[in-house]
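To keep things simple, chains are lettered A, B and C as they appear, and every chain counts its residues starting from 1.
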Amino acid sequence: MARTTLSTPLPLARVAAIVQGELTGDPSALVFGISEPETAQEGDLVFAWTKKAAELAFCSPAVALVTTRKFARPEKPCILVNDAKLALALFLEALFKPAPITPRISPTAVIGEKVRLGEGVFVGDYAVIGDGTEIGDGTVIHPHVCIGRNVRIGTNCCIYPHAVIYDGAVIGNRVSIHAGAVIGKEGFGFVWDGKQYRRIPQIGTVVIEDDVEIGALTCIDRATFGETHIGKGTKIDNLVQIAHNCVVGTHCALAGQVGLAGSVQLGNGVLLGGQVGIADHVRVGDGVALLAKSGLMDNAPPNTQWAGYPARPRMQWLRTEAALSDLPDALKLLRQLAQRVTELERALKEREEKQK
Amino acid sequence: MARTTLSTPLPLARVAAIVQGELTGDPSALVFGISEPETAQEGDLVFAWTKKAAELAFCSPAVALVTTRKFARPEKPCILVNDAKLALALFLEALFKPAPITPRISPTAVIGEKVRLGEGVFVGDYAVIGDGTEIGDGTVIHPHVCIGRNVRIGTNCCIYPHAVIYDGAVIGNRVSIHAGAVIGKEGFGFVWDGKQYRRIPQIGTVVIEDDVEIGALTCIDRATFGETHIGKGTKIDNLVQIAHNCVVGTHCALAGQVGLAGSVQLGNGVLLGGQVGIADHVRVGDGVALLAKSGLMDNAPPNTQWAGYPARPRMQWLRTEAALSDLPDALKLLRQLAQRVTELERALKEREEKQK
Amino acid sequence: MARTTLSTPLPLARVAAIVQGELTGDPSALVFGISEPETAQEGDLVFAWTKKAAELAFCSPAVALVTTRKFARPEKPCILVNDAKLALALFLEALFKPAPITPRISPTAVIGEKVRLGEGVFVGDYAVIGDGTEIGDGTVIHPHVCIGRNVRIGTNCCIYPHAVIYDGAVIGNRVSIHAGAVIGKEGFGFVWDGKQYRRIPQIGTVVIEDDVEIGALTCIDRATFGETHIGKGTKIDNLVQIAHNCVVGTHCALAGQVGLAGSVQLGNGVLLGGQVGIADHVRVGDGVALLAKSGLMDNAPPNTQWAGYPARPRMQWLRTEAALSDLPDALKLLRQLAQRVTELERALKEREEKQK
């Protein structure tokens, strides 16, 4: 099912121009759709950035491939690029322009006092914007978004339906916040006072830098004091939990359902797989990668890879997991060995006694 | 606390008729409430589909049991059925009818251009429905639901408050979408362009077949291209993440907080326990079951059961976990054994030298 | 970045009075801000409740510490308290009063028939309150909250934007329900009827006692019958899933992304780390603590600590994990040992044969 028909067929020469690639084969051959290799039909174009995908595509009815030089073969026309995934992005950008949004402030939007809206802002139906909030040029506030007081949102952001931004959050330019995300809620800070948990007021804020993307139903809590901070260009998937006082570096990628406990610090370019958890106050160096579902309980030096729970260096984890598979048999062997050693000890002793 | 009082007491004969069971005992005995065995009071009816529950119920003040022949005993009246859980569903359906919803389009709902609403549709307060969207007969759109443009929703669906459906999603008949769920958001697709992550436009869609249930605050992303697909009759719990291009078969059950990475394929009748994670592009055969919290990283053949992380076949996992419990003692034994072997080697060598 | 400047500088004597501590050092020294030790600037006050934090603070430019007697040192003025974390709460409460909310019923709120609103209630824009619902004195209903029919909410509660409360839920006094939380949705109860999953009607309810806090985007499902129950003073973080018929005791703390399957029972004072999962019908005693990411599959007696998946007693888990790290080397040793034993057996046999 991973296939889409183009609204008008395109000659390969045109595709090559769009993706800035080098065409081998008939430039007038027509592309009717794009597809993953498994579902490719006649006339489909396949973007293949793995060897396996390229091989499958060559055996499919696809008309042509966009791929790298090393996976290309003479059987089908190829458009050679450095990065077939990037080529896919270029192709989709060129062909599938999102419908433009005409700036408009819905009459049903509730806009507080001293709110400053930039040029070309769109505010959808029933959106609520609190007193003193500023919204930059070209930003789109979808219906039903709730924005608190004294929030600052930059230019060309897109805030999707039902997102909630609490008072005082600071959001950069070109930030996307998807449906239902909750930004700047007070952190989960309590102290036991002898009788009950008492809330520690959370007087800090959240700062989100430019070009960040925040997935649907993701929570980023504000700091106890100071700020929770998300660095420029970082991409966060759905249902992620980022607790108070976390500091996330630039250009990180956090997959779905990741959870960061309080005061976690991620360096730049950190990659977290789905459902990863990181314990409070843990520091993660630049370029660290954590495999999906791992749970990190200690600091991770830069450019290391981790897996498992508690997380181990990736190679060690692989060895440990392989060893685990052997464990039941190893325990059997161990018990047999213990018996054989006892037997040997007995035999040797017997012999010694005989020789006396 | 797991007990509810009936609004009017019912004789056992009437209960037996409702659940289509065979009554042993006084047909005029009255049922005043239903309860789990632990909380049963005098006059309560217990539905017992496990041996343990039946045993507890027989020792409780309950008036009677609905259970299977093999758990029945003469001490209390029993209503014998093939499936006591199914009987519970029949009983609750018969006695607790949900309040009917009178069709009505709220004057505060914002309904776009060229929207087609079927017969008997309910649209609640402040719901927003985008241009070109079609909604089938008898469907209930609760307050504050946001539906995008060109969405197609079938008949007799129920969309709960704050659910968000992005542009172009296709939803079948009798589908429930619970509060705050987000359907058809663009997938988490980025490519590093050398300087930053660049979004890969997500031009695909989401297709949800008939009789699907989608839990509260669950995300189902749309495909990069092609479609993310949820098969007929599949039930999905709360806070589940289904990434772009996943294909879920028919009659699957996904428990809370499950996460499917991109392009995962589930066959029909797959069961996923709570907090299960599945890595991208993994294929899961028909009838596969994954124990709660397991993490599947490789394809699973049909009708297999898996557990752990990385997931292992269930029996192997049980053996491995049992072995793990023995591991600390085994390592001690191993070290002692190593010493004993060294000692034996030394003794043997000594002897040999003596004999020379 | 974990630092905040005070709006007006405060002398240490004043701080000591606020936190009810004993001051050592110059009472007129001025505090300009509060900070964590790592980010402390000249004039900052540090609240230090760990030895490490106190040591860092003494080496920082901070003007003074609030700490316990045992971490105090003469190098800097100290305000001695029994609990520095509690002192932080007192300090923040005193200095950072939340902006008061003026009672008001928004004209855009939709309020059903026979709704009873107490004194001083605030109902925000576009909130929807169903027929027969009661809301106690001083409760704040933020914009876009959806409350069903016949819901009972106590006094001085705060329900944040986009929270959804289904019909019939019962909520105590001083309860906070954060943005997007979903309370009282029908539980995930289905039974296979031979052809498809059939819904088991969920006719129970949810009861939430006084002083409970429920995080953003957290789900608490209503019971199949009877009630799902959250005890007094319990604090629940974001993105938590609490399934039908769970009973949570008083003064528990559940961290982010925790999942409780159906009918789980937690005692009082239970602590669950982030991403913990508990299998259905498991009973957890008073004072039990589960480490983050653990998965509990069996009952846990009172005052025990657990970790791992499947969860083991914490000390056993630590020993097992340590043993696991040694496993690959142990398996090597085991194989060598097996060879050495075989060699010994061979040597002994040879000798015996010689001697015959």
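FYI, contacts are C-beta pairs under 8 Å (C-beta built on N, C-alpha and C of every residue); 3 or more make two chains touch, one makes a residue touch a chain.
Everything quoted here is computed from the prediction, not taken from an experiment.
Participant: Can you tell me the C-alpha superposition angle of subunit B onto subunit C, nearest 5°?
Facilitator: Result for this pair is 120 degrees.
Participant: Between subunit C and subunit A, is it the same set of residue numbers doing the touching on each side, over half shared, or a different set?
Facilitator: Mostly different residues.
Participant: In angstrom, rounded to a whole number, how far apart do the mean CA points of subunit A and subunit C lie?
Facilitator: 24
Participant: Where in subunit C do residues touch two or more of the other chains?
Facilitator: Correct list: 126, 144, 162, 180, 217, 239, 257, 275, 309, 324, 327, 330, 334, 337, 341, 344, 348.
Participant: For subunit A, which residues count as touching subunit B in their complex?
Facilitator: It is residues 1-4, 34-36, 39, 83, 85-86, 88-89, 92-93, 96, 98-99, 108, 124-126, 142-144, 160-162, 178-180, 211, 213, 215-217, 233, 235, 237-239, 251, 253, 255-257, 274-275, 292-293, 308-309, 321, 324-325, 327-328, 330-331, 334, 337-338, 341, 344-345, 348 of subunit A that touch subunit B.
Participant: Across the complex, what residues on subunit C touch subunit B?
Facilitator: 110, 126, 128, 144, 146, 149, 162, 164, 166, 180, 182, 185, 188, 190-191, 193, 196-201, 203-204, 217, 219, 221, 223-227, 229, 239, 241, 243, 245, 247, 257, 259, 261, 263, 275, 277, 279, 295, 309-310, 312, 316, 319-320, 322-324, 326-327, 330, 333-334, 337, 340-341, 344, 347-348
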